[in-house]
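Please read the structure below before turning to the comments.
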Amino acid sequence: MVTVEFLGPIQKATLSLDAASLHDVAEALKEDNEMAQWLDNCAVAVNDMLVSTLDTPLKDGDKVSLLPPVCGG
Amino acid sequence: MVTVEFLGPIQKATLSLDAASLHDVAEALKEDNEMAQWLDNCAVAVNDMLVSTLDTPLKDGDKVSLLPPVCGG
Amino acid sequence: MLELYEGALNVPEIITRWYAEEAEYNYGAYIPFIGTVREEDGIEGLSFDVYEPILNGWFETWQAKAESLGAKLKMAHSRGDVLVHESSYIAAVFSPKRRVALETIEKFVEDFKASAPIWKYDLRHGERLYARDRSTAISGAGILGAKR
Amino acid sequence: MLELYEGALNVPEIITRWYAEEAEYNYGAYIPFIGTVREEDGIEGLSFDVYEPILNGWFETWQAKAESLGAKLKMAHSRGDVLVHESSYIAAVFSPKRRVALETIEKFVEDFKASAPIWKYDLRHGERLYARDRSTAISGAGILGAKR
């Protein structure tokens, strides 16, 4: 099981799901209509490191974070 | 008569001389060996406005200032 | 050094303390950038969410870059609500030389705006509204939405 | 506003007073640049001569340029002696927007170094030695030395 957390303005509770890579996370989130507005503009971190490909493997206990568009300052 | 003042590191007292333009000031200063190291690198102001040509006319009471290389900050 | 505060920053305290902290380290240039909430479009203020683990990593990467130039960075940011004319952000560079200081503060502040995991909300009639139109997708965003 | 002081600048007083002075004017960005005397080559400090009439004119020209961008400039500089690790120079910009602030402080500080009528001396064993090798001829200098 991995956990998927949604940062900042995404109003969604943390999920737990079975996933061997980020492809599996992407498939699960595409089923969720609420997420449609976010998938194209979120960055993704695994265990707090940003990643650039869905091929990123996942293992039990990993934390996946979705980071929507930012505006600090 | 115009006055010629020497700013910053130029160790020279203010001069008074007859001059119809900055050409006359340049000629007078070229006679002065102490000034040889300064004439090529000084900017010139007339009545506290920087000028860019020796053709600048001068009238009685004008103040000419020589500004050697600067380093503020 | 990265400092996070609840609510508005105490700008005089922070910028003078940072100056004092580095006074003996022989830096020739100190440039703090201070960001203040502007009164516009009738907002009462802004509010911020900060995701600290990734912000720390981003800041440490920048600190290493600054150190390689002989410089040092400091930053302070607010969480939660900051009212108009209060300040929410200070970024600062110390450097032996002015050119490095000027170039580093500019690049640091611009990358901060583009990359730091901080989310901004307008405060309007007591509501907290995501400032989506002023927000920037982080470089590399969108992989989850890509077609297989 | 241009402020000249005998000896070292009181940096905390100046940068916090400037912040307070502009607090209600809805500027989004404040960037002070603080220049501090570095300990190098065994100097005890630096010393400065300032020619105020031309400095004022130079500063007013810059202030008008800043105003045309909606920004405001402030500057403080020392006359006379400033010891190592003391500060002699502060330039600051206030602007509604960050890009204008970052670009203006850089251009202002660089033009200051090239153009402001201020002369620097090293203090060494109590002597005041013109820092000729670090000084820059003002743009257009040299007309008096030209051959007729």
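Order of writing sets the chain letters: A, B, C and D. Residues in each chain are counted from 1.
Quick note on the criterion: a contact is a pair of C-beta atoms (placed from the backbone, for glycine too) under 8 Å apart; a residue touches a chain by one contact, two chains touch by 3 or more.
Predicted, not measured: the structure shown is a model, and the values here were computed from it.
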Reaching chain D from chain A through chains that touch each other, fewest steps: 2
Greatest separation from chain C - chain, by CA centre: B
Geometric centre distance via CA averages, chain C-chain A, whole Å: 24
For chain B paired with chain C, centre-to-centre distance based on mean C-alpha positions, whole Å: 49
Approximate Å spacing (C-alpha centroids) for the pair chain A, chain B: 71
Of all residues in chain A, the ones touching two or more other chains: 73
Per-residue overlap in chain C, given as positions that touch at least 2 other chains: 35, 98, 109, 113
Partner chain B, residues of chain D touching it in the complex: 35, 48-51, 53-54, 57, 77, 88-89, 109, 112-121, 130-132, 134-146, 148
In the complex, chain C residues that touch chain D: 11-12, 15-16, 19-20, 23-24, 26-40, 84-85, 96, 98, 101-102, 105-106, 109-110, 113
Contact footprint of chain D on chain B as seen in their complex: 7-9, 22-23, 25-26, 29-30, 39-45, 48-54, 65-73
